[in-house]
Structure formats: C-alpha cells, structure tokens
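Everything on this sheet refers to the single structure shown next.
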Amino acid sequence: MSNIVEIRNLRVKAKTDSGRVVEIIKGVDLEIAKGEVVALIGESGSGKTTIALTLLGHTRSGCSIASGSVTVDGRDTVAMSEAERRRFRGTTVAYVPQSAAAAFNPSKTIMDQVVEVARIHDLMPAAVARQKAVELFRALVLPDPETIGARYPHQVSGGQLQRLAAAMALIGDPQVMVFDEPTTALDVTTQIEVLRAFKAVLRDRGMAGIYVSHDLAVVAQIADRIVVLKDGEVQEVGTTEAVVNHPSHDYTRALISAFHPQAKSSPPSDAAAPAAPILQVKSLMAGYGAMGQDGLPKYVVLKDVDLTLERGRSLGIIGESGSGKSTLARAIAGLLPPAAGQIEMNGKALAGGVRQRSKEELRRLQIVFQLADTALNPNKPVGAILARPLFFYHAMRGAARAAEVDRLLDMVRLPKALKYRLPSELSGGQKQRVNFARALAAKPDLILCDEITSALDTVVAAAVLELLDELQRELGLTYMFISHDLSTVEAICDRVAVMYEGAKVEEMPTSRMKSGAEHPYSRLLISSVPQLDTGWLDGLDDDPLLRSAMADRRAAERWAVARRQRS
Amino acid sequence: MNAVVARLVVQRLGIMLISLLIVAFAVFFATEMLPGDVAQILLGQSATPQAVAALRTAMHLDQPAILRFVYWLGGLVSGDLGRSYANNMDVAALISGRLTNSLQLAGVTTLFSVPIALCLGITAAMFRGSLYDRIVSIVTVSVISIPEFMVATVAVLVFAVYLRWLPALSIADQVHGIGELLRIYAMPVITLSFVVSAQMIRMTRAAVIDTLNTPYVEMALLKGASRRRMVLSHALPNALGPIANAVALSLSYLLGGVIIVETIFNYPGVAKLMVDAVSTRDLPLIQSCAMIFCVCYLLLILIADVIAIISNPRLRNR
Amino acid sequence: MSHKTVTNWTGRDDAMVEEAIRRGATRRDLLKLLMASGISVAAGGAIIGRATRAFADTPKSGGSMTAAGWSSSTADTLDPAKASLSTDYVRCCAFYNRLTFLGEDGNVAMELADKVETSDGKSWTVTLKPDVTFHDGKKLTPEDVVFSLNRLKDPATGSKVQAIAKQFASVKKVDAKTVEIVLEAPNADLPIILALHHFMIVADGTTDFSKGNGTGAFKCQTFEPGVRSVGVKNENYWKPQLPHLDSFEFIAISDDTARVNALLSGDIALAASINPRALRRLDNVGGVTVSKTTSGNYTDLNVRLDLSPGDKAGFVEGLKYLVNREVIQRSVMRDLAVIANDQPVSPNDRYYNKDLKPKAHDPEKAKHLFKKAGLLGQSIPIVASDAATASVDMATVVQQAGSEIGMPFEVKRVPSDGYWSKYWLKAPVHFGNINPRPTPDILFSLLYASDAPWNESQYKSERFDKMLLEARGMLDDTKRKAIYGDMQTMISDEAGTIIPVWISNVDALSSKLKGLKPNPLGGMMGYAFAEYVWLDS
Amino acid sequence: MSSTVSSARGLGLRINIVGAIGAAIILFWVAVAILAPLIAPYPVGKIVAFDYFQPMSSSFWMGTDYLGRDMLSRIMMGARYTVGISLAGVTLACFLGVTLGMIAAVVGGWFDLILSRFLDAFNSIPSLLFGLVIVAGVGSSLTVLIVTLALIYAPGSYRFARALAVNVNAMDFVTVARVRGEGIVYMVREEIFPNIIGPVLADFGLRFVFIVLLLSGLSFLGLGVQPPQADWGALVRENLDGLSYGAPAVVFPSLAIASLTISVNMLIDNLPYRIRDRGE
C-alpha cells in the first residue's frame, strides 16, 4: 500500500519586501496513504496552506520551493514542467478553497465553473459533465440540484457555495483532495451540513485527502491522522484519537486547552442588586433602502429589539449571519439611524446619527470591528493610531500623550516598540489588541465588540478574551459582545441574547445557556457547536437532541414566518 | 436585468438635462465675456461705429443678448437650433454635415484604436513585469509625449509628400468605397490613435492586473487553466467595468479635442466648426456645438456605466 | 475715354488687393519693371530666380483643379459687398464680373462696361456691353448696375467699402445701355474704384447670395461656408474661349505647413500666400513653381501720440532709429519684402516719393532720444498678434535691439481672436496691418487725416488735411505729385506709425498649371486665376 | 541599508535602476531650468545667424531656429517654462481634483452628485473656448496660464481620485473615525489621502504629459509664454517647417519634451519605497 502522497524534506523560502530571504517551511516530511485523510493543524502563518498547495505544484507569489520533493501518485510535482503541472491539477489533485464565495468567479454561472475542469482537460463531452455535476450536487445534499447550476455565485448562500466548490473539485475524479480550511468562514449550523457532505463523499469514493484547519474540533470529525505544525516545522504526528485525548507536545496541549474555555468566573456582585442599566434599547426598528409610507425602510433588518445592559456586565449577542446582530451594533453606534424605537444611555436618549451626538456621548461608547486588517489605517504607525483618540477626546499632547500610549500598549500586553510599526507588520492577534487599545484610549463606559475574535486562531482568540475579561474587572467596563461562536460568548459574557432574522428570540444568563434554552432556534444553535470527541458528528444522526433540533429548525422557521405576517 | 439598466438610463437622462442647462448658461456667459461681437468681427478692419450699428440692426442683434439667449433656449425645446448669425444659414443644416464627418472619423478611430489598445493592455498585464510589459509602458508614454501636430505633420511628410501613397488632405465627401475610405482616413486615424490609446492601455493593464490577483483567478489556475484562459475567461469579464470607463473617457476626446488634426488634414469636423463659431462670436452655433459635445460626452459615460452593470451579474440582477 | 480724362494713369481701391502699378511708364518699361520687382534676386536663396512668368503658351481647355487659400470660416459669403478675405474674392471673381478690370500690365481694361467717360471728374457716364446674360438667363440691364452700386452705400448691407461708396452722390439709369454716376466731389480715380472686388455687378433685387448668380466665368455648383466651393464652366460666358477649366474647387488650409504639403503631395494645384520659411522646402522639389508679387501690404508699429509713452517728445523718433529694418527684411521676412520709409504709399505707386529715405538703424541715437524723453529703462509693453502678419517676430527684433541699449520692451502676444476690435487703434504701442489702397487719396483719408476712421497714431495736422483736399480734385498731375510727395515726408517725420517693410505675396503652384501671371490686383492673379488658367497635363 | 528593527523611525529608501534614471533626468532638467540665464550661450531673442534652420555647428550646438536664433539657449530658457509651469499646473490640478474628489467621497449624498455632474459638464467644454474666455476675461500672465492649465485638467483628476476615495471610505478605519466624531478635514487628510497617494501619483505622471502638450496649444492662442521666451511645445510648433529636412531646431525640442515626460513617468512607476522588514 504505497502512499498516494509523499513529501520528503520540503523547504520553501519567501522574499520579504525588503529583499531578505526567509525560510517558511523548514524541512517537512509527510505522507498520506490511499483513502486516508490527514489533517494539518496550526496557527495562521505556520505554513500549513503553503504545504497543501505544494501538492498542486503551486506556490503563492514571493515564495518558491527551495528543496525537497512532493510526490503525488508517483510523480514529483516539484520537478514537473509548468505544462505538466497544468495537466496534473484538477485531474490527479483537486483543491477546495478556503472562502468559496471569493473563489467563484462572480461573472460566470456556477455550472460553467464546475464543469470547467472537464473542459480544460477534455475529460468528457459537456453534456455528460453537466449530468455528472448534477449528480454531485445531489450527493452533496444541495437544494434543487437541477437548477442551482444556472445561478450566479451571489445568488447562493455561503454554505451551498462551499459544497459547490467540493463538487467542482470532484468533477475530475481526482486521486487526492486538498481541503484548505473550507468551513472557517461558515456559521456553526451550516458547518455541520458541509462537514457531513465532505465526510460522506470521501468515504464513498475512498479518496485520500489533506485537510488544513486551525479548529481541532472540526478536524477531529473528519481526519484519520493529525499533523500539528508551528513556524514551518512539524511538532507532532499521530492518529486523531491519540492527538485529541493525550497530546504530547505542549503546543498541541495549548490548542486543546484553548478549546475548553473556563466558564466565566461569576462576578462577586452577582447576587447583589442588579447594577444600574447603562444602555437600554427599546423596540428598535432599523433597516436599509428607501423609507416606505409606514415609516419603515424597504429592507427591515431589526424588528423591535429590546435590550438592557448593566454597568460592569457584558451581554453576548449570538445568531447566524444575516440575523441582524452587526446591524444592531451599527444602530447603537449611530452609524445607522433607527427607523423607530429608542436608544438610551445612562437614562438619556441618544440621537439617531453620529453627527447629532455630543462628543461626550461619543466618547462613552466605542466600537471594535472584526477584521483588524481594515480597522487600522495601513499607512499610520500604531503610536499615531492610539494618539489620535487621546488628543481628540482628552486633548492630550506631547510627553503625557506618549506616556499614555505606552500605558495603553502595556494594558493590552503589547511591547512598547510596536509604536513605530505599521499595522501590516503585526500579526492578527496584535492588530486586534491595538484595535482594542484604541477603544480604551477614549476611557469609554461601553464597548461594542463586533465579532472581534472570529478572524483569529483559537489560541490567540483565547488570549484576547482573557485580556478583555481582566480589563472589565479592572476598569469596570461594560461589553456588548457580538459573535456567532458560542464558546467565545460563554467565556466572556454574563448574559446572552439569541437573535434570529432580526428579532431577539431569547435572553438568558450564560450559565443556563447549555441546558436551559427554551426557544427551538436557541436549542438548535447551541447543539450545533462541534465537540472535541471524534464520534460527535456521526452521533448526530440518531441523536434525539439533534433530531428535535432539526424539527426545531422547521419550527423556528414557522415561528419567523408567523411573526412576519403579524408585524 | 433591464429594470436595473432602465432605471439607471432614466436617472442619467434626467441628469443630462441638468448638465446641458449648466453648459448652455456657462457657454453663454463665456461668449459674452469675449471682446467684440458678430457685427464687429464680420466688418473686421472696416468696422466703423455706424457700420457696426447698422449691421447689428440689419441682423436684428439689437435686442439684449440675454433675451436672444432665452429665445434660443425656447427654440431648442422644439428642436430648432436657430439660425447662424454669420451666414444666416440654419444651424442644424450647418452642423449636420460636419457632425456626420466627425462621427465618421471618431468611429473609424475607435474601431482602429480600441481593439489594439485593449490587446496591448491585456497582454502587458498577462506578462506583467516582463521586458514586454516594460517596453509597452515606455512606448505608450513616449507616444503620447510627442505633440499631436508633430505626429500629423510627420505622417503627412512621409506618406503623402515623400511616398505619395496617401492624400495629404482628408476630404470626407469623395469617399465611395472601402479602399477610398482607408486611404482618406489612414493618417488622421493613426494620429488620433496615438493620442487616444495611451490612456486606454494604461487603464486596461491596471484593471486586468487587479483582477489577476483575485482568489477566483488563483482557483482557475489550480483547476489547471492556462495563462491565456485565466486572463481571457476569468480576469477580463470582471475588468470590463473600469476598462469601459477608460475607453469612454478617451473617446470623449475624439469630438471636441481633435481641432489640430482637423486643421492639418483640413477635415471638416465639428471641432473646427466650433473654433470658427467662437472666432465669429456666432452664439447659436457655439451653443449648439457645446450641446453636442456635452451630450456625446455624457452618452459615452452612460454607455460605459451600462456596460459595467451588464458585465457584472451582481449588479445586473440584484 | 474722352481726351480730357486721365486714361493712361491707373489706381485701384480694393480692401484686400495687393497691387503693383508703375507710374507713367510705357508698356515695355512697365513689363521690365514688373519683371524686375517680381524677381529681385534675394541674397540668401536662389529660389526666387525660378519665379517663372507665364509666356503666351497656347491654352488648353478642359480638366479641373483644386486651389487652397489660407483662411475661411463660417462667415464666408458670395455677397460681393460683404466679401472680407481672399477666399471670398476668388469666388466673387469666378462667379461675377465688374464694370472695369485691372489688366495684367496695370492698365484699366473694360469688362462689363464698354466706355467710362467724364468731363469734369464729377459726373461719369458708363455704357454697358450688349447681350451679356446672368447664369439664370436674365439679361444684364442698367437696373442691375444701379442696384449693385447703391446697395454698397446702404449701411444695412454691411458692405466693406461703405466709406468709399459714400462718394457716390447718385447712380441713375440714363437709357437702355448707359448709367450716370455723379460724385460728391470730383475724383479722378473712379475707373479704378469700379474695378474693386466689392463693386461686382449682381442681378437687380438679389437677396439670397448663396446661389452666386452672376455673369462670371463659372457657375456656383456647391458652396459650403468654411469648407469648400465648386464652380463649373459657364457655357455661354460672354468672353469668347474663356474659361479653360471645366471646373475648379476652392478650399482653405489655415496651417501653412499643411498647405505646402498638400501642394507637394499633388492634392492641390495652387497654394496661396506661402510662408517665407516654407520657401526653402520648395527649392529642391520638381513640378513646383513659385509666383511672387511685391504688394502695398505692410505691418506697421503704431505709437499713439496722444497716450504715454507716445506723447513724450523724441520717443517715436527714437523708436524709428531703433527698428532694424535690414534684420526684419532678411531674417523675419526672408527677403520677401522691400525696405519702407514709414509712409503708406507703396513704391509701385506713381506718386511714391523716391527721395524720402527711411531712418537708418542707429541704436546710439535712439538711446539718446529715449533718455531725452525720460523713458530710458522703463518697461514698455508692445502688443503683437498673429492677426498682423509677422508682427510677433518684428516685436522680438525691436525688443532685442532695445535690450542692447537698456530699453526693456515687453512683448505682449495676444490672440488673433478679436484683435482688430480690442487692441488695434487702442493700445498705446501696438502692431497693425494695412492692406494696400490703390490711391494715395484713399490711403491718406483713411489713415492720416485728422478725422480718419483708422488714424492709428492719432496724427492730427490741419496742413495735412488741407493738402489732402487740394490734391484730390487736382487734375494737373505734376502739381498733384508734388503735393503727395510732401505729404509722404510729413507722415514719415511726424506720424507715430513706423512702417519697416513692404510685404511681398508668394503663391506656389504645380508646374502643370499654366497661365498664372503675376497681377497688380494681388495674389493668385488678383484672385481671378480661375478664369485664365489652364491645365497642361 | 537596513538597521535594527526596533529603534529606527523609518528605514532607508531603496529605489531601483529605472526610477533612478528617471529621477536623474528630471534633476538635470530642473538644474538647467534654474541655471539657464547663466549658462545660455546667447540671449534668447538675439538673431545670431543670417541663415535659418542651420544644422548643428561648433558655434550653435543645436543649430538655429526659423529666425536664426540659437536653439540651445532657447531650449535652456524654455526649460524654465515647460518644467516650471507644467509642474505648477499639474500640481494645482491634482491638488484641486484630489481634494474635491476625497471630500465628495466622504460627504457623499447630494454634494457628491451635483459636484460630479457639474465637473462632467465642465469637462465637455473644449479647452480652446475656455482658454479664450480666460484671456479675454483677465488677460494673460504666468499665473493666469497656470490656473487655466489646472482648471482644464482638474475634472479628470477629480473623477480618478473620487473613485479611489470611495473604496477607502468604505473601510472600517474610516467608519471608526466617523463614529469617533471626526470632522471631514481630519478624515480626508489623515485617513483617506495616505491610502490613495500611490495611484494618484501615477495619474499625476500621465497628466503631466498632457499638460506639457496643452501648454504649447495655449501659447498658440496667445495665452501662453510671451515672446521672445517660448516653452518647448511652442518651439516645436514654430519650427515645424524645418521638419521636412530634419532641421535640429524641431528635433531637439521634441526630444527634450519626450525625455522629460518619459522620465517623470519612469520615476513615478518605480517610486522609492520605504523598506519595512517584516520579520515576525
């Protein structure tokens, strides 16, 4: 049983823009047997995607393979000519992209792109290829497989696109499938469906595969063996069972521990009288598009939401993408003036738009965004980014301001030297800490965190959450924490509100979240979070909880429909 | 699909009316500021005060200019462009012949320069960073840095005077066949293509390079697509929007800006008509020419935007 | 013409005519002189020698050709009264006829008129040629002549010669063949005036001139103002065997280089008014000949005597010494000019005062005069524009000479658009361009009389005005010549207009085009080439 | 040229060969422009030779022009105008266009719509009529000339800059600034401008070429540089007759224009970039 894939002493070097050559893959050996799925685990920047791409003989711009061999189905891709590599890709090795939404060409129909591999390599006549694609759609449990091909990528949901990407990879009957973090960008509930489809397809065709991810739980469901990577070197290799249950390398241990966040230590004054409400949202209605006669915008996104936020506490807002949780944050911050309803801060009504609010009101309420890359001005050094709010709100200048910047950097556990660096030179975690420090600079009462950890690796996210928790206790800050990741909410929030299609379906203390959720949709959401044990996904099929959860989804949809008629 | 496009077209036509009004008033005040008026210019050196006054009454130019302008605007609504002051002929008749010439020249130049500019832009993007790419950009810049009248004169010297292959003048009326058409239009079209294509090449190259760096093009590569397929069927369709815009901007130059080519090749186009009109302070003619330039310019931009929407499904069927 | 009239003496008034009339010479002297002035060998180039004179070849009929003038615009017109540039004159000469015509040898020839007679220079009788028809078949009648001449006086027609036509007290039909013209005051030049392009005879009562309905050698087939015009042969033209061409097209190419290129590439057969700088190119090219005519046209530097700095004594005189006439003639005009003596009457005019010498170039004297005027070192702007031929280059020559003696002149180049209405006659120091006038009387009354409409330097002198009136009615030629001589000296010394050179006009034509003779009426054979030229393939 | 990561404020500038050549040529012309009055062999207006369009000779390195004036000194003095006026013109045009474009992108709404449409309409008026009106209105001087050049090309750079600014305006860091309550001026100056400076400079390079040529067009109108001085474009135009026998008087100014415009674009395409050593 020779290996379908053998990587021997692979070294890849990359050129930084200063012309300095850095080795990003330092001698990696790896093999995949026929029909085996190997997972590559590690933080971003650990080189896992680069290794996976060498299977297709492709290196991203600026990188090149220094030495070593990557033999796939007996042929070394490193030694191949470009023409040979072109014939090789799509037929022997196929690639499933990380974000399918970006990997589909927006101006071509889905079917054209799925069958393209067949046309490029002239594997079969077009009609046969289309028929095969429809069968693949059915195998991947896609809704109305006959007609979905005719649609354009923007007319299909993220989860469906991910499965269509898998179909695109399978059309050429490859020997090896390369999965490049295919489910990271998806919501928890869609993630299950996609994983289940991938697992079934791999099992039926007995194909080998390499699964790149930073989420141990997801990988545990699908991989036979796990390879843990850090800074371009293999830290540990073992079967999924071995690695998950008794990890040997301390980095793997950190990965697993980050997976079980300690439940939030209940604040001392839990039992005391509830603190004065700092923020109240009363029957908020908001949306986009032209204002109708009924005073509501064309696309209503928030449907009379009521929320209260106590000082020093943090409220979690969870829900799938499209549930309106980000719109809620933007409405409160004043970026989207509400169509109806009231927002009150410290008892005083807040004006709808940012322009009409006083500087003091704006200072008290800060917002931190998800993608740190677009949240920091790429052309201003970190020191200048932090100095601006200090000057704007507190008119600090000169030495006092410089000292305050240093204090802020300490507060978020960043070295002072980062002051001179541009955001593009920091890692994801560091950028998000700067993002947060900028919010702290205003000495606010309330911070709106809009999915601030979902773009980070689990280990880095855990560290950031820990920091948030400490700062809340130290400075008595109040958080409104928006996320689609339940473990994050569990780690940091006192209470949690579940949102579905623009309405708040339920609110409860986080402690009762696991067991006490009443609303069908809340229960479905909570039960969809992948657990660390390998059998979890398979177990779902006949798990009573899940069957009821599936029933709940239909019930939740019926509930949402009823609501719409009523309003 | 056409709902989106229809709405855009209606909105743009509304805006075009506003722009036309702005241009009409701007041109009116501009012409009023110019020294002398039609009567003085026509009489030229022998413009003694009484002669000027007499001629002005004869051409009933004695009402205040603003009144005449308002009458002209009124006439415009009913499609009557008024009569030229200088030769009392109907402005529409005067313009129509020359407008067809201008559109003909602009059309031939477009057919000639746009495909070449796009090919150069796309191939330069395909092989970006290579020697070919560098040569194309150096040549583009050096071509546009040669003054237009120099390019035209060199072309005439070489092809008309020295080699006698092509006629030095482009008399648009004697065109009776394709062969004749090519001979007549060869040099003005080459000269204009020099000027117009530089902007298009640079913008096309930049647009295609942007789309080449996108994930879906890398996906095509990983599906085994060749470089040609990656550029033509994946990168290009998404770059059509910015390219169409660049082409529209460059072609808008072809109506109003070609005065030099029209003078050197003695080609009776609208640009030269506008120059004559300005020199004789022939207000209705100036206004009509300015209107035409404005309408063509806004139409070109509208077409570019419509192409951008049609080529992008996300905008096409929202 | 009756004995008492001045017949062998000719003069013309033509807004745009350049003309070379030798005075009192016999026909043979005249030809020799014309030849001499026509082909004065320039020091620099040998090309001028090649200016051929058309000999009496045998004309061939048939064929068509294209000729190119230098300027046209939407204001082109076929109404002779409104004609304002060379393009209009060519078309008028082809489609219409005049009562009299200036022949190639400079004498007044008869055209539509058989006889033009006067006894006292005040009332003139004109008898018409019989059986002459218009293009639309209408016979030529005295009513047409009366209508054509009277409309020139009416300001509503906007005619260019309204100032001159004022002299016609009355124009009346006498009988079926004759017309009587009575002048306000006696003027010996009437036969010359009637040969002007503006005095073409149009059909009685015509208002729409776009058809070009005249008695001329060509019928107007197409006329697009600012673009082109095509004339086809008038089969029943009253002059036998004329015109030779079947049809001729006239266009305008404003870019000098393009016009020469069009000739060299064979697109056109005749290119009018070639820029001196382009002559060297015609040198070594076969199949092209050059026709040069010295004319009365000049570009003058005018200094307003009533405004500063002109009002400072000595400034104008200093400027006259500063202007380097040789450099202007050699470098600026490339020898296509004759040095002038600061007065408007051209050397070809019989009243030209030969012994009035121009002021020699003397920078030191100029510097002394400027210092006396208290202006040395002051920056004085000189307004110049392309509207006045070569004025910008002349201005730079003056500025360069000034900078060498510490007089900083500043050349202000302004657009030709609206130059004549905004800067000419108005700026303290500016350039003008005067087209030749056939008689000293018209020149002086137009430019230098105290009430002259175009008194460029506001030169006012009663003595001058008295002499002008006296000379106008004077029939005794020698006394008239003496008065005009003195008047020229007065202008040269006292007026503020500096005329450095007389500008010559050069046309280039393909050697296949025959029959083009240099003509005193101006370039392109007095704009009447179409009627007389033929193509010798 | 790198130094330790932690301390340096910004690292040294690194520029590649092509950019260096471009910069060298530009500096050469700027030096010529500044030193022209000192190093020009003959006064600009002086007619030094009888014969016009003379070939290159020891006394006249670049031959003589149509009047017989020394071409070398005219090109040197012309450099002052072409380099000076064009740079001033294009800088003013881009400054106006980019600032208005950024403000339109940030403010958006009615202001953006009306300004865009107005500048579109303005763009369609041919530059000739515009030039004539300016001369008629305010007469011609160097400042008027620069302002005219700028106004003719400002709408184009407005359109270009606005398109860039709209993309940057959609970024989160601009939203954060807006939520903080920052004014338009700060957002434009600090947040948007640094992020669009790259492409704006590239557009600056191309627009510089067009302005150099438009300058000669305007002098044809009488609006441009007053005689005896002349910018390079005017030099080419007035000596055009010499083209048929390859007179140096027309060849050298064209080469001068080409060298300047190409070097400007070479420099801008290969701008020096600050070295950022990205070791983690």
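The letters A, B, C and D name the chains in turn, as written, and every chain counts its residues from 1.
Rule of thumb we're sticking to: contacts are C-beta pairs under 8 Å (C-beta built on N, C-alpha and C of every residue); 3 or more make two chains touch, one makes a residue touch a chain.
Just so it is clear, the model here is predicted, and its values are computed rather than measured.
Participant: Which chain has its C-alpha centroid farthest away from the centroid of chain B?
Facilitator: A
Participant: When I count C-beta pairs in contact, which pair ends up with more: A-B or B-C?
Facilitator: Result of the comparison of A-B and B-C: B-C.
Participant: Centroid of chain A to centroid of chain B, CA atoms only: how many Å?
Facilitator: The mean C-alpha positions of chain A and chain B differ by 50 Å.
Participant: Let me have the rounded angstrom distance from the C-alpha centre of chain B over to the C-alpha centre of chain C, please.
Facilitator: It comes to 41 Å between the two C-alpha centres.
Participant: When the C-alpha atoms of chain A and chain C are each averaged to a single point, how far apart are the two points in Å?
Facilitator: From the centre of chain A to the centre of chain C is 89 Å.
Participant: Between chain C and chain D, what distance separates the C-alpha centroids? Give it in angstrom.
Facilitator: Centre separation, chain C to chain D: 46 Å.
Participant: So which stretches of chain D touch two or more other chains?
Facilitator: Those would be 132, 136, 240, 243-244.
Participant: So which stretches of chain B touch two or more other chains?
Facilitator: 34-35, 153, 157, 161, 278, in rising order.
Participant: Can you pull out the residues of chain C that are in contact with at least two other chains?
Facilitator: 257, 417-418
Participant: Can you list the chain C residues touching chain D in their complex?
Facilitator: 44, 256-257, 260, 275, 277-278, 280-281, 327, 330-332, 334, 384-386, 392-393, 395-397, 399-400, 403, 410-418
Participant: Which part of chain D faces chain A closely enough to touch in the complex?
Facilitator: Those residues of chain D that touch chain A are 2, 6, 8-11, 14, 171-173, 175-176, 178-182, 190-191, 194-195, 273, 275-280.
Participant: Enumerate the contact residues on chain B facing chain D in the complex.
Facilitator: By the definition above, chain B touches chain D via 15, 18-20, 22-23, 26-27, 30-31, 33-35, 134, 137-138, 141-142, 144-150, 153-154, 157, 161, 198-199, 202, 249, 252, 256-257, 259-260, 271, 274-275, 278, 286, 290, 293-294, 296-298, 301.
Participant: What residues on chain B touch chain C, complex-wise?
Facilitator: 34-36, 39-48, 50-51, 53-55, 57-58, 84, 86-87, 89, 94, 97-98, 153, 156-157, 160-161, 164, 167-169, 171, 263-266, 268, 272-273, 276-280, 282, 285
Participant: Which residues of chain C touch chain B in the complex?
Facilitator: Residues in contact with chain B: 15, 68, 73-77, 82, 84, 155-158, 160-163, 210, 224-228, 251-255, 257-258, 261-262, 264-268, 417-418, 420-422, 424, 435, 453-454.
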